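Chain lettering (A, B, C and D) follows the sequence in which the chains are written, and residue indices restart at 1 in each chain.
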Amino acid sequence: MQLGLVGLGKMGFNMRERLRRAGHEVVGFDRNQEVSDAESLADMVGRLSAPRVVWVMVPHGAPTRETVERLGELLEPGDIVIEGGNSRWTEDQANAALLAEKGIGYLDCGVSGGVWGLENGYGLMVGGDAELVERAMPIFDALRPEGPRDEGFAHAGEVGAGHFAKMVHNGIEYGLMQAYAEGYELLAAADVVKDVPAVLKAWTRGTVVRSWLLDLLVNALGEDPELAELRGYVEDSGEGRWTIEAAIAHAVPAPVMSAALFSRFASRQEDSPAMKAVAALRNQFGGHAVHKAGPTSGAGEVK
Amino acid sequence: MQLGLVGLGKMGFNMRERLRRAGHEVVGFDRNQEVSDAESLADMVGRLSAPRVVWVMVPHGAPTRETVERLGELLEPGDIVIEGGNSRWTEDQANAALLAEKGIGYLDCGVSGGVWGLENGYGLMVGGDAELVERAMPIFDALRPEGPRDEGFAHAGEVGAGHFAKMVHNGIEYGLMQAYAEGYELLAAADVVKDVPAVLKAWTRGTVVRSWLLDLLVNALGEDPELAELRGYVEDSGEGRWTIEAAIAHAVPAPVMSAALFSRFASRQEDSPAMKAVAALRNQFGGHAVHKAGPTSGAGEVK
Amino acid sequence: MQLGLVGLGKMGFNMRERLRRAGHEVVGFDRNQEVSDAESLADMVGRLSAPRVVWVMVPHGAPTRETVERLGELLEPGDIVIEGGNSRWTEDQANAALLAEKGIGYLDCGVSGGVWGLENGYGLMVGGDAELVERAMPIFDALRPEGPRDEGFAHAGEVGAGHFAKMVHNGIEYGLMQAYAEGYELLAAADVVKDVPAVLKAWTRGTVVRSWLLDLLVNALGEDPELAELRGYVEDSGEGRWTIEAAIAHAVPAPVMSAALFSRFASRQEDSPAMKAVAALRNQFGGHAVHKAGPTSGAGEVK
Amino acid sequence: MQLGLVGLGKMGFNMRERLRRAGHEVVGFDRNQEVSDAESLADMVGRLSAPRVVWVMVPHGAPTRETVERLGELLEPGDIVIEGGNSRWTEDQANAALLAEKGIGYLDCGVSGGVWGLENGYGLMVGGDAELVERAMPIFDALRPEGPRDEGFAHAGEVGAGHFAKMVHNGIEYGLMQAYAEGYELLAAADVVKDVPAVLKAWTRGTVVRSWLLDLLVNALGEDPELAELRGYVEDSGEGRWTIEAAIAHAVPAPVMSAALFSRFASRQEDSPAMKAVAALRNQFGGHAVHKAGPTSGAGEVK
């Protein structure tokens, strides 16, 4: 079928390719004309036959909101917008209400798979009306992995459910990554273990901890066995934070997911104000030696 | 090749079967004569030709130690003992020293795979001398999953390295399970998501969080979509504790693995003394209402 | 000086008393006419001479917002409203803007001290214009503890700073309480310690951990040495959640404050969906025994 | 009364002074002859009249064990050794058994108070026989703070109970310090709060979080309002680790105390191997930019 696709970045670009390989006609638009099929959003819409389906794959927040608003002006009753980016689920309800006024349908879709999705397919979680989901199913079927539909696709619930599910997916992902990372650090710290990459690789087929993330960590250690080329500096992208906020809103204990998030925060600090305060306290009550701040943060000689 | 196998419980029983399917001759011994091939440990040893290889697969602690001591009396120089149970890695060094006095070799082997290992093979992590590892390789090759050896087997280091690696594996496992569990609880708590099992199932092929544990959780939800048949009561088996102790010994931060362990501890408490103390404090400073203990712990009416 | 005081609950009632003891003229209003000095908010305002100072001490959220709006109608330019309840600091800016349109000043004041404040005085943290703070200083001086002003009062910053500081105060409080509580539980769990209340009492004068909260815990144990009368069920009141949300917004690691919050969440669960998921996983991969849900949650026999 | 005091370091030196001020006769011994009253341990013992009381205040581990062994040779039946250092409570039982063979009594005493103990007195927690405790009471009374005995002294239980109680005290201390530290960091991170030291100072008299540690933090901020002179590098001294190990041994959830310990571990890392692993994973699945390790760890330019 025919699809308009707004946003041809790291994710959207690959998705267009996967959809075309499946035989769909994709008219992509991106501000970067080098990758865009259309000159403008209006041009893209103009090249689609009603009833249209337009997939939005731009950064969350203002870019997504503005795109949805502009599509509200350009599309017609009966068309569908699928927000496939990383919107916070609470934004979907506003988007859906805006478009509903004009008779335009709205689905939100969480998409997982990263740069590997082009070949492996993407895990999809969708929120919205069942009838709209059904109309867009050929697109979902092309994007999701081969195999049974329910192993790569879920109609999770009403509008917002797709992004809520994706948010939780990412919160879990933070926890999983941190669990492997702590274990890796402990293996590397112990003298008795001589070949850490070999141990992780030996886990990839038969053990309880085998997973795709483990495969990726094995890949990474294959390229750089001591991760000597990297700094332990880790960004977070929004969903991890929203997950903890949602956990708080629902009074759900989330010690593991929050520990993973806080570890990322800490990884980005040159020095920790909190630990300065602890050092100051120890100095106050016990006369414990403290480390003075050096000439430049993090680079100073330890005195 | 020929193997003596001591301990035919849930794990050992299946391992004997897998080894026999691979064409090895296994003489198993268990105190339970219904499953045992030999009448006694001495009988088992007597039925093996030197140089012998004996795999020990009994509960860790005293049963393992006593078995190793007894094997030290029964075996001959040049024989090998492989401790494949869940010993703490620090016990391996004592075991190895004991047997070394008699010229008997010692390997420790962490084994992962649970009840699925019979069909899937077991992930194996081995510690000890390379020469001994080489001699036992046909056994390791039969137990590990099909495919490249290094994806299911590692010679991790010296004596103790196998169990150290297995210990960390289990620590990671605790963290992974807790991450999925927290995410599951959050999905279940949110009204917007209508079909939690479907969401988890949709993650199994294309997403970043796909794993064998996720497959198992999907299985469990397939059988009992709201886990209504279960209580949230979770044992821990030793390795999780040892992992945190090892992390402390190496000054490795382990917030995720420890949070997972502590969640298990808390799951087994009818009431929390710590939270009683917090309730008492709130009552003291703020006159906040408290919940009185009921007629029997956990069953009392909330007043 | 003269003060209008809206809200004569657990906190406001005592504050009126403390202010009167200091010689101030307080006209209190509460919906509960038994404790109220005025028949209505309008009546209260009518009995104050301009320029008026009105302190709001009602539950946060809608009650506070509505009170502020109504005061906006009743007060005159040059009057001051002090929001002394537990508003989220982000609400202060809206309140201040609303009143600023009418020429009415606004201060936010975090108040700590609980039921003990009547005798001990209240710790005060204020946000807003210095000139307004100065005008209300006689009130602050009467409410705060005796002694140097800066040991019981701070002009923390602009509008919102008072409630932000109070929010963090409560986040810290959660962490402190949980630290004592965990230590209490560990002491109580160890056979070697025979007299837990005596140990905590011995900490109250000379140790590093002495504090007012410790004194309160000692009080509580004096009344009920094993806290046998209480259930470990602990509410949370908002500030603890907001603190973690603020920590996330500022990328500040908050492992201790969040652990304290999550422990409260968990304390209120009859059973943990997350731990059910962990139990389900262990059963799936290891055939581990699980505990079946009983006839009623939490009261069921463990099978 | 008369006391032998072995170890005149930061703690012992002040304790001798406090005991002398109370009128006790203290014969101190230290390897550092500049502060020592006796030339040798034997000399010290020789200058005491039987039945002797000797207080040991040397570093835990080998120094304490060797001192106890040597005292076992030098002392006579009926004498008492008080181990007042930071021994692990499990070591007390061995010490007590060693001395019991020779008819020498043994008490273990946890001592809290740091450098402030000279003036404020020390909080004391003692383990051992009641009869021995009674004999040493004049010493305990001189060391503990003025006021009721039970507010600065506890006979906690049998041998080991004193150090167990002190260990938990320190575990709590870690949690308290971290709670204040996280709150401090959050206050400092928020633009709305203009005067962080003033806020903390305003908490010192009337609030729920008032404590001696808070007073110390206020002191520290008084000297260095942004803690600019310090690095956030924090040692840990043993008891924090033992507390978590004891919590694990008793299956007591300790999320706050462990988070505080792990934050100290992390504070000492130039880079985090775990976070390198997380960075590697993100790079693998999402093509996320990573920060390359610079020319020297921690000082490298972020690329």
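The rule is simple: a contact is a pair of C-beta atoms (placed from the backbone, for glycine too) under 8 Å apart; a residue touches a chain by one contact, two chains touch by 3 or more.
Keep in mind it's a predicted model, so treat the numbers as computed, not measured.
Can you name the chain that lies farthest from subunit B, using the mean of each chain's Cα atoms as its centre?
Result for the farthest chain: C.
Have a look at where subunit A meets subunit C and say same if over half of the interface residue numbers show up on both copies, different if under half do.
same
For subunit A and subunit B, let me know how many angstrom lie between their CA-based centres, rounded off.
Here the centre of subunit B sits 32 Å away from the centre of subunit A.
How many angstrom lie between the centres of subunit A and subunit C, each centre taken as the mean Cα position?
One centre to the other, that is 36 Å.
Taking the mean of the C-alpha atoms as each chain's centre, how many Å separate subunit B from subunit C?
Chain centres of subunit B and subunit C, defined by C-alpha means, are spaced 45 Å apart.
Counting only residues that touch at least 2 other chains, which ones in subunit A make the list?
114, 178, 180, 182, 185, 189, 208, 213, 251-255, 259, 262-263, 266, 272, 274, 285 - these are the residues of subunit A that touch more than one other chain.
Classify the inter-chain contact topology: is it line, ring, star, complete, or other?
complete
How about subunit B: which of its residues touch subunit C in the complex?
Interface residues on the subunit B side: 10, 114-116, 177-178, 180-182, 184-185, 188-189, 213, 216-217, 219-221, 224, 227-235, 255, 259, 263-264, 266-267, 271-288, 290-294, 296, 298-300, 302.
If we count contacts the way the header does, which residues on subunit B are in touch with subunit A in the complex?
It comes out as residues 89, 112-114, 117, 120-125, 127, 144-145, 147, 150-158, 160-161, 164-165, 168-169, 171-176, 178-180, 182-183, 185-187, 189-190, 192-195, 198-199, 201-214, 243, 246-247, 250-257, 259-260, 262-263.
Which residues of subunit B touch subunit D in their complex?
208, 241, 244-245, 248, 251-255, 258-259, 261-263, 265-266, 268-269, 272, 274, 285
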